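Each of the next two complexes has chain A plus one other chain: chain B in the first, chain C in the second.
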Partner chain A sequence: MPWQRHFKSKRVKEETILKNKYTREFLREEKKGYLFVLPALIFMLAFVGYPIIYNLILSFKDVNVMTFSKSVKPFIGLKNYIEIFKDPTMKTSIWNTFIFTIGSISIQFVIGLALALFLNLKFKLAEPIRGLMVVSYLIPMTVTALLFKFMYSTSGGIINELLMKVHIISKPIGWIISGNTSMLSVILTNSWVGIPFNMLLLTTGLSNISFTLYEAAQVDGASAIQRFFRITLPELKPAILSVLVLGFIYTFKVFDLVFVMTNGGPVNSTELMSTFAYKLSFTQFSFSRGATVANVLFAILFCVSLGYLGLIKDEEVIG
Partner chain B sequence: MKKRVFNNKQKNIILCTMAVIIACIMLFPIYWIVVSSFKTNAEIFSSPPTFIPKVFTISSYTEQFVGKDSIVIAFFNSVKIATCSMVLACLLAVPAGYGLARFKMRGRKVFIIAFLVTQMLPVTLILTPMFLVYKNLHLLDSAFAPIISDATISVPFVVLILRTYFLALPKELEDAAKIDGCNTFTAFTRIMLPISYPGIIMTAAFSFLFAWGDLAYSLTFLSTPAKRTMTAGIYNFMGKYGIQWNKIMAYGVLLVLPVVLIFIFLQKYIIGGLTNGSVKG
Partner chain C sequence: MIKKKALLACLVVATITVGLFAGCGSKASTGSSTMASTTKTKLTLWHYFDGQAQQKAMENVTAKFNSSQDKIEVSVEFVPRAELTKQFTIGLVADKLPDIGLVDNPDMASFAAMGLFADISDKMNAFADKDKFYPGPIASCMLDGKYYGVPLGSNDLALYYNKDMFTAAGVQPPTTYAELKTVAKKLTKAGTTYGLAIATPKNEEGTFQYLPWLLSSGAKFNEVGSAAGISALSYLTDLIKDGSMSKEVINWTQNDLEKQFVTNKAAMIVDGPWIISTVKTDAPKLNWGVVKIPKDKVYASDLGGENWGIIKGHHEAEAWEFIKFTQQKDVMNAYCADFGYIPSRRDIAESNDSITKDPIMSIFLDELQYAMPRGPHPKWPQISDAMSTALQESFTNTKTPEQASKDAQVKIDTILK
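Right after this comes the complex of A and B.
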């Protein structure tokens, strides 16, 4: 029927008008939103986005102290990457970075979890002590590094003195000046910094577990150990996962702690990819090589970060 | 019934004692840095070590204030760089956090992910290219270089924390402000900013602390000793004075002092910020 068609087309017209109005409003809103966001975005693009691309270009060129002043720097393709992977120091630094990261996150996670569980028991001092522990996380890394360097030292170092007093060792150990113990020493120092961070995140996770679960388990006669493995751990899983992944990301890129404590030494025993990249760029002035190592570090971190984003996608984080 | 109360009390005492012991072990390094800074150089190396200085001296501190490389210059450099970086980061990031929380726009998810990812970047990645960029811009060895680079660390942090903060505020407030004649911008500056001050104080404090503790940028970008910050100062101090640990520890205490003061005054904001920021990215 014609009138029906007429009616239908009128409705479509009304709908498009409505839709246009909505889009116009949407666009106006969007414009305002961009005005708020763009300054920060442009700043980050200029001072983080651009350097990342510049870094990539650097790694395909040969820029060092000899060629720096020349206006045209030759493209050399993948040569930097091929050469850097032939360098035994690179292999050592990749290996060390993983050892350092896995060692640190294991120690700080176990102690952090133990502390979180302990301070989650209801007693008077729990709250203030938890607050106090955070202080070690806030101390500038440089100071922490120097403090531990002092405590590890062979003459006057408190750690050697204490161990000798309780007769665990008979003469001082050169903690950070001997290749056998230097990695362990920096791992322990980094863990000391990371423990409060792990503790706080896991405490938040613990406080989200419903108390009724424990009550029900108690009624069913579950022991403390059963309650821990059957309720606490499974319920804590999301918090544990994010602590471990974030811990991995933050530890993998540690620079200043190792730079100040050992600067990669002795004999590369604590050389990380970050300190190696710095050394190449700023003591040997082969900027391209430094950029290449930094890119390898970035590539690994980027993959882990993407994994982390996939992990938190379901939560309201991005929404 | 009475017995049970007694047991609980006992349990409380045991738990508190354990907690204090654990805290003493964990915080011992902090005690040690303070104690060592008041010892004489001879006592530092005495065996067995003394837990309370026999000879209490403040010479490690007073010596820092005299001479050519006095700590005062480095202190003001640090304050200048950390403050400027904090202001810059907040000026850029507070509106951005608000924009991402309140407005629907295309690409919003991409922006948020970009900010999340930049938080995870290693310092060394930016160091080499920025060194060359600053060199070309003739900004090397000027305070602008570390100020800008420190701000790149704080901006994503502030944006993401404040976004969740603004999301939690009731939208009705803005609607009411608009009815009363505010436009989008005045609603933001007159209504939203004043009521979100706890979040802004907390993120500003963190931006300050990030820049205050930074070593890599100030050491790499600033070459003139008189322009260097305290972190670079203590690093070079170690190279120059080797194992005069009492002096190095005293320098360390002076470097940590502002951090502790900020922590004491803003404690309730900071602990909340630590957990929020990390769980939610």
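Right after this comes the complex of A and C.
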């Protein structure tokens, strides 16, 4: 079998590497390797590392409108972190960010998976439909936000008009102007944007599942439901995992959509950590506080990524 | 296979970093640079006016200045408002700044405290027309007794009303809170027209629209939680409960108000003079007028408008030449007319027939004497946030007007401490 041969050759290769590990030749080879990595490393340090470290230092200082022009900014240790967690808005924004992320991902994933399965059925219009579906992912976020803002409006917004026409509701719902529905409204909007992303990645995963598996299952008399749970889902696991983690990271730091649609309002009902950090830094000029919130956001995402890397290490093959 | 893993890992890292720090990237812009080949000093001016007429006005005033002499050339750059605030603060670190910057007057104190603007007290004290400004606008240019800017032009708020709707309902323009309440109720037609519309989004604009009501009650800006302050917020909240005002006010901007007004969805709106030309183009046949905002105890409006500021350490002397140029009577009248603003100088505004004799602009001029500047205080943005939050809390029924006002008072006290 070809895969056995592949495995064998790999093992042989590894053994040679081990044998050569401390030989000069190997070291020379390795140095060459580092040379190739160097530009990327410098790039990463300058454009990724520097802002992170800068932000970290900023969060340990007291930089605000009053101290900004002073040459030495007071170093105040963890005070910003302590103070920010005393702020009720911070707690609200963390809670909101999780609700927003989990809500969006659940909707995106379920609909994305359903569409991927549907479009995986080989019918004539599958390809064009799949292409059209991606449109919502391509529209700039700000445009989407404005469109939905109009659609949710209580005076003449299409969503309220439609619901009233079919007599589901008798008077308009204040989708984004009431604290009870504003979060749901932004989640729905964000899901609309994210569905194609989920669908595309899952479709790729689906196309990698060998058809022979289904054939064999059918011969054994497995029902459609059994085939889905016993073949499709397990085979799709790596793709699902990456969709969920990438979706989490992507959604967790959404800013523009909420900033344009509600600016965190009404009151603080849709205030996310990203919009809160922006508000602190660029509206109230409390730069250190803003950096602190951004760092908390970063720390959470960093943990999620580490967990993800740990998970894919156990997985044999992705996609 | 390994490659795919690595690719995904990279993708993860990339998605985290790109975007999270996207806000930190600073847009490169040509600061001030004297070209060796020419003798002219080149200055850059940043502004955030997105209206076409206003952008044209900025171009006109700089073009006039550039052709009036041959030493200095000012070029205009438009930067959207949210971006401008960000660029000013980032620019302070990276020194990618223009030579002249325009700021909204309540932001002046913050930027001055952060060291963005040059202290121009010496230049101002030597300036002959220094005392001819209205007290509000010039106060907004000062911090701790020093001058950091010069008013560009001023505006304030007044009440626009639809004359045809008033005639149909048989009512007169209101002058007091009590009258406003009954009139608004009479003009409201469920489902089609609201009696009154204001704009209270969760930002400075919301505070701007709220202040006339607060100040009219007799409370000062730092007395939101006083009995008078509570009565102002209760009054507005009651208008929403009455149905005379839409719940959507918390999401509207002042430009949205104009749209509500010209489409007959609002019989009265509180707005500034900058929308006059838009109203005329949008609805040439609309029969409308402007009166002062009805009063509770005293007439009140608040001061809007922008200030010129000279960026510290850049071409300060040349920038001052430009600002002095804008202070000439005909120059100021011309650009203020384009802006729909009132000149910030008493001598110029009150000798301008197209303002004093105009039935609409004269009302705005009249309101200017009651217009209070916001702050000036370096922490005004935080005070403002406390106020606009209180409005939202009360208007959405999250808190009672009393509770919302008192909570805002606690925040304001902590900020001012």
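To be clear about the criterion, the second predicted complex is superposed on the first by the 266 of 319 C-alpha atoms of A that agree within 3 Å, B and C clash if a C-alpha of one lies under 4 Å from a C-alpha of the other, contacts with A are read in each partner's own complex, and residues count from 1 in each chain.
Just so we're on the same page, a contact is a pair of C-beta atoms (placed from the backbone, for glycine too) under 8 Å apart; a residue touches a chain by one contact, two chains touch by 3 or more.
Computed from a predicted model, the values in this text were never measured in an experiment.
S.K.: After the overlay on chain A, what do you see for chain B versus chain C, clash or fit?
M.R.: clash
S.K.: When the two structures are laid over each other on chain A, which of chain B and chain C touches more residues of chain A?
M.R.: Per-residue touch count on chain A favours B.
S.K.: Touching A:Gln284 in the superposition: chain B (first), chain C (second), both, neither?
M.R.: second
S.K.: Now for A:Val37: first (chain B), second (chain C), both, or neither, which partner does it touch?
M.R.: It touches chain B, and chain C stays clear.
S.K.: For A:Val48, select first, second, both or neither according to whether it touches chain B, chain C, the two together, or no partner.
M.R.: Both partners.
S.K.: I'd like to know which partner A:Leu309 touches here: chain B for first, chain C for second, both or neither.
M.R.: Touch status of A:Leu309: both partners.
S.K.: Let me test your reading of the model: by the given contact rule, A:Leu132 touches which partner, first (chain B), second (chain C), both or neither?
M.R.: In the superposition, A:Leu132 touches chain B alone.
S.K.: For A:Gly265, decide between first (touching chain B), second (touching chain C), both and neither.
M.R.: Once the two structures are laid over each other on A, A:Gly265 reaches chain C alone.
S.K.: Just chain B (first), just chain C (second), both, or neither: which does A:Ile195 touch?
M.R.: The answer is first: A:Ile195 touches chain B but not chain C.
S.K.: Between chain B (first) and chain C (second), which, if any, makes contact with A:Phe85: first, second, both or neither?
M.R.: So A:Phe85 meets neither chain B nor chain C here.
S.K.: For A:Phe228, decide between first (touching chain B), second (touching chain C), both and neither.
M.R.: Neither chain B nor chain C is touched by A:Phe228.
S.K.: Does any part of chain A touch chain B in one structure and chain C in the other, and if so which residues?
M.R.: Shared contact residues on chain A (touching chain B in one complex, chain C in the other): 48, 51-52, 55, 149, 153, 155, 242, 246, 249-250, 253, 255, 278, 281-282, 287, 294, 297-298, 301-302, 305, 308-309, 312, 317-318.
S.K.: Taking the touch rule as given, give the residues of chain C at its contact with chain A in the complex, in rising order.
M.R.: Those residues of chain C that touch chain A are 1, 4-5, 8-9, 11-13, 15-17, 19-21, 23-24, 82, 85-86, 89, 92, 110, 113-115, 201-203, 246-248, 250-251, 265, 378-379, 381-382, 385, 389, 392-393, 395-396, 398.
S.K.: For chain A, which residues count as touching chain B in their complex?
M.R.: 26, 29-30, 32-37, 39-41, 43-44, 47-48, 50-52, 54-55, 58, 63, 115, 118-119, 121, 123-126, 129, 131-144, 146-151, 153, 155-156, 158, 161, 165, 192, 195, 197, 200-201, 203-204, 239, 242, 246, 249-250, 252-253, 255-256, 259-260, 273-274, 277-278, 281-282, 287, 290-291, 294-295, 297-298, 301-302, 305, 308-309, 312, 315, 317-318
S.K.: Spell out the part of chain B that touches chain A in their complex, as residue ranges.
M.R.: By the definition above, chain B touches chain A via 11-12, 15-16, 18-20, 22-23, 26-27, 29-30, 32-33, 36, 44-49, 91-93, 95-96, 98-100, 102-106, 108-109, 111-118, 120-133, 148-149, 151-152, 155-156, 159, 184, 188, 209, 212-213, 215-216, 220, 231, 234-235, 238, 243, 245, 248-249, 252, 255-256, 259-260, 263, 267, 270-271, 274-275, 278-281.
S.K.: Name, in rising order, each residue of chain A that touches chain C in their complex.
M.R.: Residues 48, 51-52, 55, 65-66, 68-69, 149, 153-155, 174, 176-179, 242, 245-246, 249-250, 253, 255, 262-268, 278-279, 281-287, 294, 297-298, 301-302, 305, 308-309, 312-313, 316-319 of chain A touch chain C in their complex.
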